[in-house]
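Look at the two complexes coming up: chain A is in both, with chain B in one and chain C in the other.
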Partner chain A sequence: MKNFTYKSPASLKDASQLLGDDWSQSIALAGGTDLLNLMKNEVETPTRVVNLKQIKELNKIEYNSGYGLKLGALATIAEIAAHPVIKAKYRVLHEAAREIASPQLGNMGTLGGNLCQRPRCWYYRNEFPCLRKGGDICYAIDGKNKFHCIIGGGPCFIVHPSDMAVALMALDANVTIFDGEKNHTVPISEFYLLPEQDMYRETVLKPGEIVTHIYVPDVGSGEKSGYFKFKERGIWDFAVVSVAVMLRKKGKTIREARVTLGGIAPKPWLEPHVSENLINLVPDEDNVSAICDQSLRNAFDLGQNGYKILLAKNLMKRMILKLAS
Partner chain B sequence: MKFSTIKFELNGKPVEIEVPPAMRLLDILRETFKLTGTKEGCGIGECGACTVLLNGQAVASCLLLAGQLEGTKITTIEGLVHDERMNLLQRNFLECGAVQCGFCTPGMLLSAYALLQKDARPTTDDIKNAIAGNLCRCTGYKQIIQAIQKSTESLSDPDQ
Partner chain C sequence: MCARFIKSKHFFEEGMVESLAEVSEANGKVWDEDAELDVVGKGVSRIDGYDKVSGTAKYTFDIKLPNMAHAKILRCPHPHARIKRIDTSKALNLKGVLAIHSHQNTPTIPWFWNMSQLYDAHLRYQGDEVATVVAETERIASEAIKLIEVDYEVLPFVLDPSEAMKDDAPKLYEQGNILRGKPDIYERGDIEKGMAEADMIVEDKFSTQVEVHHPTEVHCSVVNWDGDRLTVYDSTQGIFAVRDTVASSLKIPTSHVRVIKKYMGGGFGSKLDTGKYTVIAALLAREIGRPVRIAMDRKEMNQSVGNRPDSFQHLKIGAKKDGTLTALSHYSIGSSGAYPSGAGCSWPMRSVYQCDNVKTTDFSVLINAGQGRAFRAPGHVQGTFGMESIIDMMAEKIGMDPLEFRLINYAEQDQVSRQPYTSKKLREAYEQGAKAIGWWDRRQKVPGGMPGPLKRGIGMATQIWWGGGGPPAYATMKLNRDGSLDVLAGTQDLGTGTYTFIAQVAAEVLEIPMDQISVIIGDTATCPYCASSGGSTTAPSVAPAVKDAGEQMKEKLLSAAAAIMETSLTNMTYWGGKISLISDPSTSMDISAIMQKMNERILVTTGRRSANPDGYAINTFGAQFAEVEVDIQTGKIHVLRIVAAHDIGRVLNQQMLENQFHGGIIQGLGFALLEERVMDPYTGTLLTMNMCDYKMPTMMDTPQIDVIIVSKSDPLISDVGAKGIGEPAMIPTAAAIANAVYNAIGVRMKSLPITPNKVLDALNA
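Presenting the complex of A and B:
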């Protein structure tokens, strides 16, 4: 790891100033579970590391009935997984938080860091001068691509690894960003970018901007949610494909639905076809299967990742039917 | 070379060190303080051999930078050498055959200890979850789980 100067500002304003306007020079540190590995592999070589954890007020989890959930960006994954209100009301968030990482990493990793973690692509993370690092080639196209994206890719084919982002998108959350002067809020569905929008960054954050809070609307009556993460091994891995579903039913009829997928695209993927077609449906195995089978029409196989298309459809089916029953 | 001065509490004693900010806690423990009970396995936060307690919580010392230690309390396996609960866990690890090569053992003990500090009567699932970030390549885990279970039984037995 290259050495750097280390700063621990006490205010957001100071932190933003220290982060400055050059991504390559100055970098934000929260839990460090992703950043340290990027620095060890010299994917990131900042000259200044700005520790955010001395900033007060960013580590709280607050819930107000009728208003919803306010999550500080420095709340840890373990705190979210253990929070009784989240466990009772926001199952999708609870289940996603439980699946992220081991107790050690859950105690260290933060919500903000999870949302802003860099892509899992073995070419990006290792010594390949790939597109995302300013090179000319995406090595995944002709290389090993069993974990790469099936939709939304091109010219770079990363997947976004965050479980929290997929769950929060199903809950229609909003992300508050401090820009050095003031806060602004964007829906999480607009927080992430595809490679065709920006080849080098995965989010709308500009240099010096910091995610401060996540707002999740209150849970309505008849609302159920859940998360399922398919991994290549039994425990602690990034999602091969994950699915987050929120359904609100009245009687037997679905009134509201949001179905999002992880592990298939360069950003958490809202599948509008499925979400829209579930509305006003009295779900059964046949009609839910038909809707899911018609989804992901623009998905394509890079050579080794085509299995993800069927897997994603089946996981959506499974989770929708589980929540609908 | 840039250096930072860091003050924290190590195994109950206040310490002050001057180290490069890029130094990891794992290296500070092993090299600066010669506390070699904390092991380096994978170096990427996957194996748990480098587990220590930060303010009582199990963390991976291979992913913590020097600067992050400022004002914290760090506990390593050496810091619990006279701790009754840790001694009980250690005895039960020996009795149950939960130690073979021993490389994972300090981390495994600290994860178990962190669990018992939080919950003196964990279920088997709680135990499995608590050590889910610690890889052991010899025992097959069964004996480790038994040893932790045995420790919870004697801890919660008022006659002992």
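Presenting the complex of A and C:
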């Protein structure tokens, strides 16, 4: 780890100013569960670390009926997992929070940090001068790519590791960003970028910008949601593939559906084909299977990650049918 | 008195050791199958339990000495290179840096059986030691190693052992990459004839991955010179081995080196060898005149302190229609890493089943990666997976139950030495294990036959290992005036419970409470010699020495009491920690009463491990049965239950025994399903650098585990009758899981670890 100065501002404005306008100089610290590893491995080598945890009002979880859920970016993963309203109404979010890392990491990790964590790729995280770090090649293409993305990749093939992002996308959440002067809000589906849009960053955040809140619309009647994270190990593992599904049914017919996937793309992945085709469907095993089988048409196998295509389809089917029944 | 020695043999890891055993003077009672013991065998709580759970236990990692400095090693960033020039001037200028060593300013100290040196300018893997900085803090040392400028001549490298065997492969050594220049071949009978006699032949290929030990406590040493005497605190499995290596490396008398290890957070074989880092730290400490601490980080743990070599096995076996095996052929290639380490895995094939025609060929190949080291049953874990898979395949081909097939080929005597076993209760293990798992009625009659996406299956595998221990092992008892007792033995507790069983054995023999006993181990200066802790030999070697010391102490006390009562020794009896005249129990005196009447403040005896019996093979045996559930839509394997039924002679402590089984089985499960060292093929760089990418099992992966012990004692080995259990616990787990997976899905998985992607690919091939 390189030496750095440590600042602990009390206001968002001060924090934004301290973060400045250069990614490589200044970096935000929330739970630190990702940042400290990146700094130890010198993937990130900031000269200044700006602790956000002294900023008040950013750790609240508020719910208003008819309005929805307002989550402070500093709310911890453990707090979200334990929140009774989230547990009752936003199953997908509750289940995603419960699946993150280990209890210890959940106690430290924050929602904002989870959404803004850097990608998983063992070339990016180790000492390879890869594309994402300003180098010339993506080592994953010819290397060990069992965990890399099957869709949305190129020329870099990272996966975005956030479980919360996948769940929040299924809930159509919005992200509020403070730019140093004022707040603005973007839908979470527009918050993330593909490598072809930006090789070096995974989100639309600009230097000095800070995620402050996440707004989740209120859940209507007949709405059901769930999250399934497939991982190799029983706990403390990133998703090989994860799936978040939100369904609103009227009678036996699906009226609204959002199906999102994690672990398969450089960003939380919305499969519009699946979501659209589920609408007005009276779901059964055959028609749901047919829809899922038709999905991920642009997915491709780098050599060792082709199994994720089948896995993603199977997990989508399973979760949709579970919620539809 | 002049001691009398006799020869004794035993296996340590995969090699036969011949040693001299001192014959004991004491005639203690043999703890045979019918012996009724009060303390030994019971689930007595660990005597170090409080220290460990309260956090007061000091591990080597925790040792802090006044004025201690910290060392950090600069490791080679290339898989194969030669140092052209090292410039340490910038690093030396960093504030807080005390000294820097490399091959340029240190004596040439031979390492790896003279094939390399402590600091070698020829670097053979990414992680090889280039230079070491010692500084005021570990952080400064870490900063400083980045300031060392090294010009490397980058050399071509090879990672794949099959590639490395070829003539045109980059060479790690002038003499070529095949260890010792040839394979290790074992042959009995006529393999061609055996194959010709077979009605059925099965031939297939199996592979296993490189597995990393990852003890919880990292490899570390703290060294301190006092004049020309050196004290080494080391996290090691062999204090006397470390002492010898450190002394010879530094060219100082062995008597000038003291090695201490009190508590240890695991080793699994990776701490059997003396680490370069220990000698590196000693050299730096001598130069700066201060104590030096050196501790590996997790990256170094992944890279540079040993692993279980991979294996690529080509197996072929023949059997008659009635199930009789006629021929067993094993051919394997395994990676030693950059420095010599045996990578063979054919011992199970040589020794588990009755078969007259056997040929095994094992190539150990040097490649540009971290060196292999003994890892909990070296060779056996890999070999058992391949062998027990193909045995199941043959049973299916013949149309026979796999367990029945194994019983037909049950070896009644050791197949390699043709000697009888001291004891073998594998048949009982098969029977009781099968009963516990429900083998006869709960197994899938048709593999993969369960309807639906979640498919269950049951499989089993057999285990053989040595683990009888042997001499030399000594234990010294010091009996105090108040009747309390110190027991000293130069062994080490890896975390497995050595402290506790020593106290149990002493308490059993002298019939005194355990809380009156202090156990002192892990110190070369105060303890009599015991061997390194490996090969599952610690308990079966040390426990009899402790018992012998106790028996001698009893005789001393009887003799003392007879002198005090002015009567003959033959009139005295020892019972319940008290001594009296046989004829008059009212004369009973406890130990402290006898001690008070004597001038000696302390009575001392030294016991020794007896010789192993001539003409016998000594082995542990067992069978593990696994039940799994495989999700065929995701490829995920859930291990639901493992039943472990084993013959391990006498149980010393039921609770610790079960703990050790749990550890071995969980480690075996990790090997079967999760753990794998992954290297980038194009750069020779390790990708699994942390505990997130190198996936060890967690509690969430742990199944129900049931331990059944089918043995009571093996008195032919020693008066205690115990065999070792560390390695047997892990040997058959992966093979049993793989066979259960086949029973569940009807597709055979031939490559470990059986990760979900492999299952999905196999099911959809």
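Operating definition for what follows: the second predicted complex is superposed on the first by the 325 of 325 C-alpha atoms of A that agree within 3 Å, B and C clash if a C-alpha of one lies under 4 Å from a C-alpha of the other, contacts with A are read in each partner's own complex, and residues count from 1 in each chain.
Basically, contacts are C-beta pairs under 8 Å (C-beta built on N, C-alpha and C of every residue); 3 or more make two chains touch, one makes a residue touch a chain.
Fair warning: this is a prediction, and the values are worked out from it, not measured in the lab.
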For A:Y139, using the defined touch cut-off, is the partner it touches chain B, chain C, both, or neither? Pick first, second, both or neither. second
Touched partner set for A:Q104, first chain B, second chain C, both or neither: first
Of the two partner chains, chain B (first) and chain C (second), which one does A:E127 touch, if any: first, second, both, or neither? second
If we overlay the two complexes on their shared chain A, which of chain B and chain C does A:N314 touch? Say first, second, both or neither. second
State whether A:S275 touches chain B only (first), chain C only (second), both chains, or neither. neither
Taking the superposition on A as described, I'd like to know which of chain B and chain C A:T33 touches: first, second, both or neither. first
Mind working out whether A:I235 is in touch with chain B, chain C, both or neither, as first, second, both or neither? both
Which partner does A:T5 reach: the first (chain B), the second (chain C), both, or neither? first
Overlap the chain B and chain C contact sets on chain A and report the shared residues. 37, 235-236
Listed in rising order, the residues of chain C that touch chain A in the complex are 77, 633-636, 673-674, 678-683, 685-690, 692-693, 695, 697-701, 755-757, 760-761, 764
Which chain B residues qualify as touching chain A in the complex? 1-2, 4, 20-22, 24, 43-46, 48, 51, 54, 57-60, 62-68, 70, 111, 114, 129-130, 132-134
Help me check something: in the complex, which residues belonging to chain A touch chain C? 37, 122-123, 126-128, 139, 142-144, 146, 230, 232-238, 240, 304-308, 310-311, 314-315, 318
Chain A - residues contacting chain B, complex: 1-6, 8, 29, 32-33, 36-37, 39-40, 49, 51, 53, 78, 101-105, 107-108, 235-236
